[in-house]
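Let me give you the structure first, and then I'll get to my questions.
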Amino acid sequence: MPESGTTSGAPRVSEIGRMTGFSDGVFAIVITLLVIELQVPDHAPGELLHALFEQAAAYLAFLLSFGYVGVLWLNHHTLLRLICGTTLGLNWINLWLLLGVVIIPFPTSVLAEAFAHAGTDRDRRVAVLLYALVAAAMSAPWLAFFAYLRRHPMLLREGIDRAFVSRQRIRPVVGMALYLIGGALGWFVSPVIGLVGIGVMIFFHAVTSEGVRRGRSRRRTTT
Amino acid sequence: MPESGTTSGAPRVSEIGRMTGFSDGVFAIVITLLVIELQVPDHAPGELLHALFEQAAAYLAFLLSFGYVGVLWLNHHTLLRLICGTTLGLNWINLWLLLGVVIIPFPTSVLAEAFAHAGTDRDRRVAVLLYALVAAAMSAPWLAFFAYLRRHPMLLREGIDRAFVSRQRIRPVVGMALYLIGGALGWFVSPVIGLVGIGVMIFFHAVTSEGVRRGRSRRRTTT
Amino acid sequence: MPESGTTSGAPRVSEIGRMTGFSDGVFAIVITLLVIELQVPDHAPGELLHALFEQAAAYLAFLLSFGYVGVLWLNHHTLLRLICGTTLGLNWINLWLLLGVVIIPFPTSVLAEAFAHAGTDRDRRVAVLLYALVAAAMSAPWLAFFAYLRRHPMLLREGIDRAFVSRQRIRPVVGMALYLIGGALGWFVSPVIGLVGIGVMIFFHAVTSEGVRRGRSRRRTTT
Amino acid sequence: MPESGTTSGAPRVSEIGRMTGFSDGVFAIVITLLVIELQVPDHAPGELLHALFEQAAAYLAFLLSFGYVGVLWLNHHTLLRLICGTTLGLNWINLWLLLGVVIIPFPTSVLAEAFAHAGTDRDRRVAVLLYALVAAAMSAPWLAFFAYLRRHPMLLREGIDRAFVSRQRIRPVVGMALYLIGGALGWFVSPVIGLVGIGVMIFFHAVTSEGVRRGRSRRRTTT
C-alpha cells in the first residue's frame, strides 16, 4: 500500500481502494435492481404469451437503463483510472455522482409505466421530461470531479496531464445540454422523439467512455 | 499493480480488478434476489403447512435458478482466469454477459408462477419457451468473449494457448443449440419434458465449468 | 498473486480472492435484505405508534436473523482463514453453503408472519419447525467443507494442522442435532420453547465462531 | 499479506480486508435500497405530473437518508483508517455498527409515509421520534469501537496515537445527546422542528467525518 503523505494544510490523501469497492457495489446493485421492474404480468388463464408481449415497453425501458448504467460504469472505470488517491472532497463528489446512479431506477419505472399501461400522451411527456432532467442533473458531479482534479493535480496518476483532464469537461457539459434538449423535445414535440434523443445521448457517452482525445496525441494511460 | 502498456493504436489494456469486483457484485445480488420470489403464502388460519407444500413448484424454480447462477459464476470464474488484462471491447462483452445473468430472475418467476398457480398447460409451454430462449440468448456473449480472446491473444494469461480458447467455443454453441431444442420440446411436446431438457443443459455447463479439454493434454492453468 | 501450481491429475488450485469477494457480497446482501421484511404497518390515522408496537414480533425475527447471518459471516470468516487456495470442489461446497445463507430470509418471514399476525398455534409450530429444518440443513455443507479439507491438506494455510480441522467437524454435527431437537420441541411441545432452543443454538455458534480448540494448545492462526 | 502474530492469550489479530469488503457491500446495498421507497405514484390518467409533485416529502426523505448513509460511509472510511488489524471483538462491534446502518430504510419509510400521505400530526411526531431514537442508538457502537481501540492500542495503525482516539469519543456522545434532543423536540414541540434538528446533526457528522482534531496538532494520518 503506497503511503502518499501530504504537507500539513493540504487535504489528506488516502487510497482509492474503498472508493472503488463501494462504487462497484452501488453500480452492481443498481444494474441488478432494474430487473425487479419486470414483473410477471397479470393475465387470464392461457393468456400469458399475450400478456408478455404487452409488456414490450417495460423490456425496452429495462434495456435502455441497463445500457445506461453499464455506460456509466465504464465511464466511472475510466474516471478512477485518472487518479492515484482520493480526498474527503473527492469522496463527497463521488457520493454525489453515485446519487445520480442510484436514482435511475425511479425515472425508469415512471417511464415504463407511462409507456406500458394506461398512460396518456401527457403522462408520457412528463415521464420523458423527468428522465431527461435526472440525466442532465447527473452530469453535474462529473463536471465537479474534473474541476476538482484540475485544482488538485497531485491526485493525478503518473502520465495523465492536466490538459487531458481539462478536455474531459466537454463531456458532461455536452451531456447536460443535450439531455435538456431531449427533454424539451419530449415535452413540446413528442415523447417518442424525446426518448430517441436520450438514447442518442447514452450512445454518445458510450463511444466517449474512454475519454475525449485529440487525433494523434493519444497518450498511453494504461493501468 | 502491473502496468501493461500497449503500442499506440492497439486497444488500451487495463487491469481486471474492477471487472472482477463488479461482476462478483452482480452475481452475488442476482443469486440472492432469487429468494425474494419465495413469499409467505396466503393461507387460512392453521393452514400454513398445507400452503407451504402447495408452493413446491416455486421452491424447485428457486433451486433450479440458484444452481444455474452458481454454475454461471463458476464458469465466469474460469473465464476470467484465462486473461491477465481487459480492454474496452472486452468490458462491453462482459456487460452483455452480465445482462444475461441479471435477467434470470424474470423468466424464473414467470416459470414459477405458471407451474405453481392457476397456470394452464399453454401458459406453462410459454414459460418454458421463454426460459429456454433467454438461456440460449445468454450463450451468445460467451461465444463473443472467446472469439475476442482469439483475436487478442495478448490478453491471455501466461500458459493459456489459443488452441485451448478455440476449443471452449464449443460450449456456448452446444448451449445455444440444446436450449433451443429444450424450448422446442417444451412448446411442441410437453412443458415438463422441456424443463428436464433445460436442467440437463445446466448440468452440462456444471461439469464443463473448468473448460473442455482433451484427454491427456490437461494443461496447468492454475491461478 | 501467488501461483500455486499442482501436479497434473490433482485438482487445479486457484486463489481464494473471488470466492471471498463473492461470499462477502452474498452475506452483505442477505443481511441487508432482512430489513425489507420491516414494513410500515397499515394503521388508522393517529394510530402509528400503536401499530408499530404491534409489530414487535417482526422486530425480534429481524434481530434474530441479523444476529444469525452475522454469526454465519464470522464463522465463514474463520473458515476461509484456514485455507490458502480453492478448487472446483471447494467452490461447489461454498456455493452449497451460500445456498443456506441466501435462503434465511424466507423462513424468517414465515416466522415473523406466524407470530405477528393472525397466526394460530399450529401455524407457529410449523414456522418454528421450518426454521429449525432449514438451519439444520445449512449445517451439512459446513461438515462437507471440513471433510474436504481433511482429504486435501494441501489447501490448508501454513500453521493449520489436520487435527485442528478434524476437531471443527464437531460444530456442524452439534448444530444439526440441536436444531433438530429445537424443531421437535417447537413442534411437539411449544413453539416458544422451540424458538428459545434455536436462539441458544445461534449463541453456541457465536461463541465458537473462532473454532473449537483445546485448553492450552491455542495455536497462532493469525492471518 | 502482513502476518501480525500475537502472543498467546491476547486476542488473535487478522487482516481487515474482509471486514472492509463486507462493510462496503452493506453500505452500498443500503444506500441503493433507499430508492425502492420511491414508487411510481398511483394517479388518474394525465395526472402523473401532479402525482409526482405530491410525493415531494418522499423525495426529501430519500435525500436525507442518502446523505445520512453517505456521511456514515465517510465516517466508517475514516474509522477503518485508524486500524491495521481486527479481532473477533472488533468484528462484533462492527456488526453492531452495521446493524444501525442496515436498519435506516425502515424509519426512513415510516417518516416518508407519515409526512407524505394521510399522516396526522401525532403520527408525524411518532415518526420523527422513531428516527431520532434509531439514530441515537446507532451512536452506541461507534463509542464502543473507540473504547475498544483505546484498550487495544496494538490495533492502531502507525502514526495514530491513543489521545487522538480518545478525542473521537466526543462525536458519538454528542450524537446521542443531540439526536435525543431532536427527537424530544419533534415529540413535544413540532415534528418539523425535530426533523430540522436531525438534519443539523447529520451535518455535524458530515463536517467531523475526518475526526475531531485540535487546531495545530493536525497529524498526518494518510493512508
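Note that the chains take the letters A, B, C and D in the order they are written out, and that residue 1 is the start of every chain.
The working rule: a contact is a pair of C-beta atoms (placed from the backbone, for glycine too) under 8 Å apart; a residue touches a chain by one contact, two chains touch by 3 or more.
Quick caveat, the model's predicted, so the values are computed rather than measured.
In this structure subunit B contacts its sequence twin subunit C using mostly different residue numbers, the overlap staying below half. Taking the mean Cα position of each chain as its centre, D sits at the greatest distance from subunit B. Remark: subunit A and subunit C have CA centroids separated by 37 Å (rounded to whole angstrom). We define each chain's centre as the mean of its Cα atoms; on that basis subunit C and subunit D are separated by 26 Å. Of all residues in subunit D, those that touch two or more other chains are 21, 24-25, 28-29, 33.
If you check the complex, the residues on subunit D that touch subunit C are 1, 3-6, 8-9, 12-15, 18, 21-22, 24-26, 28-30, 33, 88, 91-92, 95, 98-99, 102-103, 105-106, 109-110, 113-114, 118-120, 122-123, 126-127, 130.
By the touch rule above, subunit A contacts subunit B in their complex via residues 20-21, 24-25, 27-29, 31-36, 38-40, 43, 45-49, 52, 66, 70, 73-74, 77, 80-81, 209-210, 218, 220-223.
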